[in-house]
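Below is one structure, written out as structure tokens, with a few remarks after it.
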Amino acid sequence: MSGNHAFAEAAIRAGCKCYFGYPITPQNELGEYMAENLRPAGGVFIQSESETAAINMVIGAAATGARAMTSSSSPGISLKQEGISFLAGFELPAVVVNVMRGGPGLGNIAPAQGDYFQATRGGGHGDYRTPVFAPASVQEIADLTYYSFDVADRYRTPVMIISDGMMGQMKEPVVLMEPLKNLPEKEWALKGRGTGASRYMCSLILDPLEMERHNWKLYRKYIEIERHEVKYESYMTDDAKIIAIAYGTTARIAKAAVNRVRKDGIPAGLLRPISLWPFPKAPLQELAHRVKNFVVFEMSTGQMLEDVQLSIQGMANISFHGRPGGVVPTPVEFARFLYREYQKIKKQ
Amino acid sequence: MSGNHAFAEAAIRAGCKCYFGYPITPQNELGEYMAENLRPAGGVFIQSESETAAINMVIGAAATGARAMTSSSSPGISLKQEGISFLAGFELPAVVVNVMRGGPGLGNIAPAQGDYFQATRGGGHGDYRTPVFAPASVQEIADLTYYSFDVADRYRTPVMIISDGMMGQMKEPVVLMEPLKNLPEKEWALKGRGTGASRYMCSLILDPLEMERHNWKLYRKYIEIERHEVKYESYMTDDAKIIAIAYGTTARIAKAAVNRVRKDGIPAGLLRPISLWPFPKAPLQELAHRVKNFVVFEMSTGQMLEDVQLSIQGMANISFHGRPGGVVPTPVEFARFLYREYQKIKKQ
Amino acid sequence: MQSHQSGGEMTKTKSQYKVIVREEYCKGCGLCIEFCNKKVLAESQKLNKMGYHYAETVNNDECVGCLICTLVCPDVVIEVYSE
Amino acid sequence: MQSHQSGGEMTKTKSQYKVIVREEYCKGCGLCIEFCNKKVLAESQKLNKMGYHYAETVNNDECVGCLICTLVCPDVVIEVYSE
Amino acid sequence: MQLKNQWPLYYKKDVVSHYCPGCGHGIVHRLVAEVLEDMDLGKRAVCVNPAGCAVLAYKYFDIDMIESAHGRGTAIATGIKRSRPDLFVFTYQGDGDLAAIGTAETIHSANRGEHITVIFVNNAVYGMTGGQMAPTTLLGMKTTTTPGGRNPEFEGYPLHITDIVATFPGTVYAERVAVDSPAGIRKTKKAIANAFQVQADGLGYSIVEVLSACPTNWKMSSVDSFKWVTEVMTKEFPLGVLTDKRKGVEKK
Amino acid sequence: MQLKNQWPLYYKKDVVSHYCPGCGHGIVHRLVAEVLEDMDLGKRAVCVNPAGCAVLAYKYFDIDMIESAHGRGTAIATGIKRSRPDLFVFTYQGDGDLAAIGTAETIHSANRGEHITVIFVNNAVYGMTGGQMAPTTLLGMKTTTTPGGRNPEFEGYPLHITDIVATFPGTVYAERVAVDSPAGIRKTKKAIANAFQVQADGLGYSIVEVLSACPTNWKMSSVDSFKWVTEVMTKEFPLGVLTDKRKGVEKK
Amino acid sequence: MIVTMLFAGSGGQGILTAGNILANAAMLDDFFVTYLPSYGAAMRGGTANCSICISDEEIASPVTSAPEFVIAMNQPSVLSFVNRLDPGGELMYNCDLVDTVPYRGDIEMFPVPANNISIGLGNGRAANMVMLGAFLKLINIVKVGTVNKSIEDMMSSRKKLIDLSIKAVAAGYDGFPFDVMK
Amino acid sequence: MIVTMLFAGSGGQGILTAGNILANAAMLDDFFVTYLPSYGAAMRGGTANCSICISDEEIASPVTSAPEFVIAMNQPSVLSFVNRLDPGGELMYNCDLVDTVPYRGDIEMFPVPANNISIGLGNGRAANMVMLGAFLKLINIVKVGTVNKSIEDMMSSRKKLIDLSIKAVAAGYDGFPFDVMK
């Protein structure tokens, strides 16, 4: 099963009832899978007139309490920023998938990780955050998609999953989860007032003091998420003297590189953030007490790098190796970099 | 002259020939001033059908070599993110003004600083940066607007100026600069091939290796900008033991607070970043060797805070006081916070 | 619902309707005054708490209960009662 | 420009036009073959380097120089020469 | 004594609205509330309110409401209706919202024949933001962004978006009315009822364009602005049913 | 021997395009280049190319070019033309680009009567991204996002956006043609020339919609796909001049 | 020296105009000035207000969290802003539209029958200028002559309006303080 | 064990189908597999390719920077990918459409007259399956039976196509290695 199909199938099994999207490479297969399978399963598929419309349709569907999803790739995600900010303001749950490509601008359709800042720092306006997950295998795409709907509902927040063309196109065997049935009703959802009181959903709060209360309320929620939703994988870090940090596609490659240099006796390890926000700050800090050399691998000119710097706070050396623009680095290349960095340490 | 008018008049004097915008409070007076004054001055004013259209019109005008500008407020700026990414990819100069308001979502129209992440981390997709300036008086609005057009042309990059409703609405006396005449021609501009070779502008670079070269080229440009375009103001930092860091509106208020606590003998100072990207990292680091207590003031839940943490790298204590949602804090409030923080230090 | 009680007679009778302008809600737009064919309403000299010259009933006797005033009032200010 | 040199005669004459398919540029779409009324062109059995069965001139004698083949070719592959 | 004009059930009582004196929005609001009550739709209704002067409509309507980003009302309505076809879903939008930034959403929701109803309040100006040109601004009309009057050389012509939408097969009902007089107001109510009925009957998309006064930005008295609707605005935007594809319904 | 069919001056020589065999884009490209040459517009021309299969058009046209974000071509063209009215500015756009994501830009640039020309290649499908439904996809037509065929219940009807745009006062010339046959191709060239003339004469906005084959995504041979344009597509999208507001021009 | 004040009223009462004229006049008199209007809501229902600071040195913060003067044109404004006044501050209010002023022992209060005075001048629409005139007398910082010049600047060619405004300012200035029975 | 390979050809040559069938078969045979197609350009002009890794342990990186096998269906593919081959790697190419192979001393080369064999089966469109068959013989990891099953899975009900494909795979498998004079 391809990554793009895994996104879609896992969403359907997570009870996603509404998908709205606009074609863009390299994630077209996701929408096409939905077109083929969601409507027959009683759900809603619309190919919207634009990404802007798609994210707003998601708002509408989510407001009724339905699990809703959209997906796109870099330029299309930029167009959704206003809508994502509204989702955050409304406190509506939704899942947004970004199968990243090379940028800025039209860029290309090759795998890249240049939208890290946009995803983790809120490319939209205002004080909000979105949980961001970054799978590194087709299996994990399925698992995290399934999980993201839970996180979205639990915290009433949009959740982003970022991936890239390689992960989206790649086929790997996947074990799928059981389809979820009978999701609990959301009492806050719009469903017509019936004989009760009317509800309204708005992000407009004209009074600054009230708006501020709303902002701090969101903030506390984000603190909660930071407390509970950090996810990462440690690989061979126990005895490591040099630790690679990478997510998604680069993490796979970095793992191969670690394996390679381990064969030459270099005590390398890998810390793979699975949640990019909240970033695994604490585990990194922990490691930094002991390990003094970190290497950040990204398919960008250096974005997650800042989160690593923020975590390590000067406690260790950080070096960076980036390949932006859709170039997929090779395990050999990463291994060479690890090797070189390790030689430098030994000299010190 | 109001801040919004100062933006417009300074732009006209800087030789801005094309303005495209869509109404949104609290920056309507900017566009209205352009409607009144730019066309008579031989320039182009269009009220576009949307913010998305406006930023793309800017792309078109900038591609012909004209100095071009757009302005909006938070939600509208979110809608421009794709276009800004394209400007960066095309390497086209342009000035984008964000008169921020409370968010996320529709939020309100009161002054806020919640779009710092969006502005400094590129709310759009792909590996790019935009210089961001933050004026703290109407005079500085005029000066930085004038200057931004230069920076945009020099580096062939979109430049952002972020401000807020208070700065936009506030009237203060302004000394205006001389109108620029006879700007140098841009040989890269589209002007019809004539009898020469044809030109093309594109951000699509299908070959990853070529795209990567483009990314690193942009990156080097950003390093250049980081080297030359850092701007900040130090106020009473020489003998300070506690230093406030704030920009724009909050910096004015913080200055008043510093003055106030100085009267009570508290050795406070202010570092005011004027360029938010590039952030005045080095000056802050310098200070952090000597000063061990910093206070970050923002009208947000804490965004510039991260840049301060990145700069100081654990060398000093950083505390934060934020008022999001359109609440404008008072000098007394900031003074009280400074006072309290200073008491804590003394106890240590 | 009831038709004129003393049809045909030319003497002025008290109207069966009572027109009440809830003055504190009135924004003084004057639309009810303009569209009432019977000139029942007029602009008051006084200002209400919102600072508007509110509408007031000056000629209740002429009211025919057509409800045009309530139809045009943008702020649901007027109440027309029938006996 | 010149009209038939031996008008009226029924014997087959060599055409005054020469149709050249630049085979390495041809994508084998077959449009020229379809729209040439004179059946001058046909699909080759061979593949070119791009892997297409390119068009080839099989009946140059019939060509009347109408340029329809060049009109319909999406890839500006065909050259028609006149004497 | 008995109150003849009952307070509409789905309209919050005794709230002073933020609308300017004489603003047409107040009238349209009340009519919508009345029709919701008359047709017993309020209990299952969801209204999508716009960015525009009606952004605060949720303070007045006593039904389920959601705000939209500027111009995206019909996309949100699409999401709601597709997710919950049993709900009665309508948008309330201004001319800037619907015909400028929301153009694509307007066109495509209608073209998909979404089963939603659009209440489109056309006051030829951006009210909320202080009187800038709207796509519907008349030629020669002065606004804060057309200080010399709208000039077709630069700004083009008033956009008749309801006429466009009316040409779509999926648009079952489209009518243009005006709240400019007692008769106009009654017709408006009728039009809203027809449009609502289309959705209630599961027929498809319906839209009512309401020409409405904005005394503040037109810089006229309320009474003059109502006259201006009648005398000037309806010349550019003629009233009437633009399409009615209901079958078996007695057409007037 | 003399070459009868000269290589168009503004078309790069001997480049193998990325277009599929039989793709209509190649024909439209060549026609545009020929007209630019015939009318001597190439030297001052700027073309805005789309996101779509024609995204690489800058590799083929030998004039000044700029790429656009998906759907924003006419906004960019507006910026160029307003800034430099002496340039000859046209966009080249697909149906997804122009009639889906670019709807608002299309409508408003035409309604403003921008002095630009739009070459609109309608192949009823999203070519570039692999054959999804476009706003112009015919009813019943199978695409990757309408695996059961376009169903008006869900996806609405084919959108006739050129007809909409033709109703605007600022649209001076609008015609629908097809590159489906030698005659169709000749007519297309004529239409492009007319549209370009409108701009060259400073009259206003002009648009040519070209029905064009996408053999790949229609899953047909090139020849069959050309027939399909003639026999099926023109039924939904009838050919002809949709508006012609040029004065003193001999109408055919 | 720094003086901070807040003008408040309902949208249609010309409060921003009055504030603007004062701010402009203070600039003409070479003070440092900041003028910050409440903005945005294009609705006449709500209150409008503007904050002004006048100072002989650079003004760090344009926000008057606790202004020394509040000039209130109607009842809602009084209710909204009286508690914001600095202890020792002064409240000037339009007693024609204000019935009740919440009790605060630490401020001074000055009623001005602005509407009636304006009506007395033949046009009820200059109440804002009457208030401005009275306020000029109260603060005694900006000269009436400069204010008149400022009025001429801001109202450009609308001669009638200028005359009315200048007269109204004079009436407020000359009449202040007013002896009003409530 | 990990085997990495790259299938390449022009868009219309069914290279992705062949790769997909192989990857699927390998999964059925319980290997770890990654399959990564080149994607996006919906244009037949360019080359298409896919990378496949088959392994008996978890595959860390799906990228075959230096594959052990390259299967090239036409001339441009050979030119593009022959230099990417691992030293000691093996190149299988469709000699009906390939004239020249750049010299590399450190690889082995296997020509397959795939088009001709396919034409021999009565339909020129199964050249990809011929190549696949030959390749199965070469690598000897995945069973022909499983591949046939995989073909049936992927082509669902198109019986004729299935039969042709299975015949073509067999022809490639049985005929390999081919003795071709160039």
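Note that the chains are named A, B, C, D, E, F, G and H in the order they appear, and that numbering of residues resets to 1 at the start of each chain.
One rule holds for everything that comes next: contacts are C-beta pairs under 8 Å (C-beta built on N, C-alpha and C of every residue); 3 or more make two chains touch, one makes a residue touch a chain.
No experiment lies behind these values; they were computed from the predicted model shown.
**Student:** In how few steps can one go from chain A to chain D if every step must land on a touching chain?
**Tutor:** Minimum number of steps from chain A to chain D: 2.
**Student:** In contact with chain D and with chain E at once: which chains are those? Just list them.
**Tutor:** Chains that touch both chain D and chain E, as defined above, are F.
**Student:** Where centres are the averaged C-alpha coordinates, which chain has the largest centre distance to chain H?
**Tutor:** Between chain H and the rest, the longest centre separation is with C.
**Student:** Between chain D and chain H, what's the gap in Å when you average each chain's C-alpha atoms?
**Tutor:** 37
**Student:** Whole-Å distance, chain F centre to chain G centre, using C-alpha means?
**Tutor:** The separation of the two C-alpha centroids amounts to 61 Å.
**Student:** Counting in whole Å, what is the centre-to-centre distance of chain A and chain F, each centre being its mean C-alpha position?
**Tutor:** 38
**Student:** Where does chain G touch two or more other chains at once, residue-wise?
**Tutor:** 41, 44-45
**Student:** Find every residue in chain B that makes contact with two or more other chains and list them.
**Tutor:** 25, 46, 49-50, 52, 75, 82, 86, 90, 105-106, 109, 202-204, 206, 328
**Student:** For chain E, give me the residues that contact two or more of the other chains.
**Tutor:** 16-17, 19-21, 55, 67, 69, 100-101, 103-104, 107-108, 112, 128-130, 135, 154-155
**Student:** Can you name the residues of chain A that touch chain B in the complex?
**Tutor:** 52, 74-75, 77-79, 81-82, 85-86, 88-90, 100, 102-110, 112, 114-115, 117-118, 121-128, 202-216, 218-219, 300-301, 303, 306, 309-310, 313-315, 323-328
**Student:** Taking the touch rule as given, give the residues of chain A at its contact with chain H in the complex, in rising order.
**Tutor:** It comes out as residues 2, 25-26, 109, 165-166, 169-173, 252-253, 255-256, 259, 328, 330-332.
**Student:** In their shared complex, at which residues does chain F touch chain E?
**Tutor:** Of all residues in chain F, those touching chain E are 100-104, 107-108, 111-113, 135, 152-157, 159, 163-164, 167-170.
**Student:** For the complex, give me every residue of chain G touching chain B.
**Tutor:** Residues 20, 23, 27, 32-37, 39-41, 59-63, 65-66.
**Student:** Which of the residues in chain F come into contact with chain D in the complex?
**Tutor:** Chain F reaches chain D through residues 1-5, 7-8, 11, 14, 16-17, 19-27, 30, 181-182, 185-186, 215, 221-223, 226.
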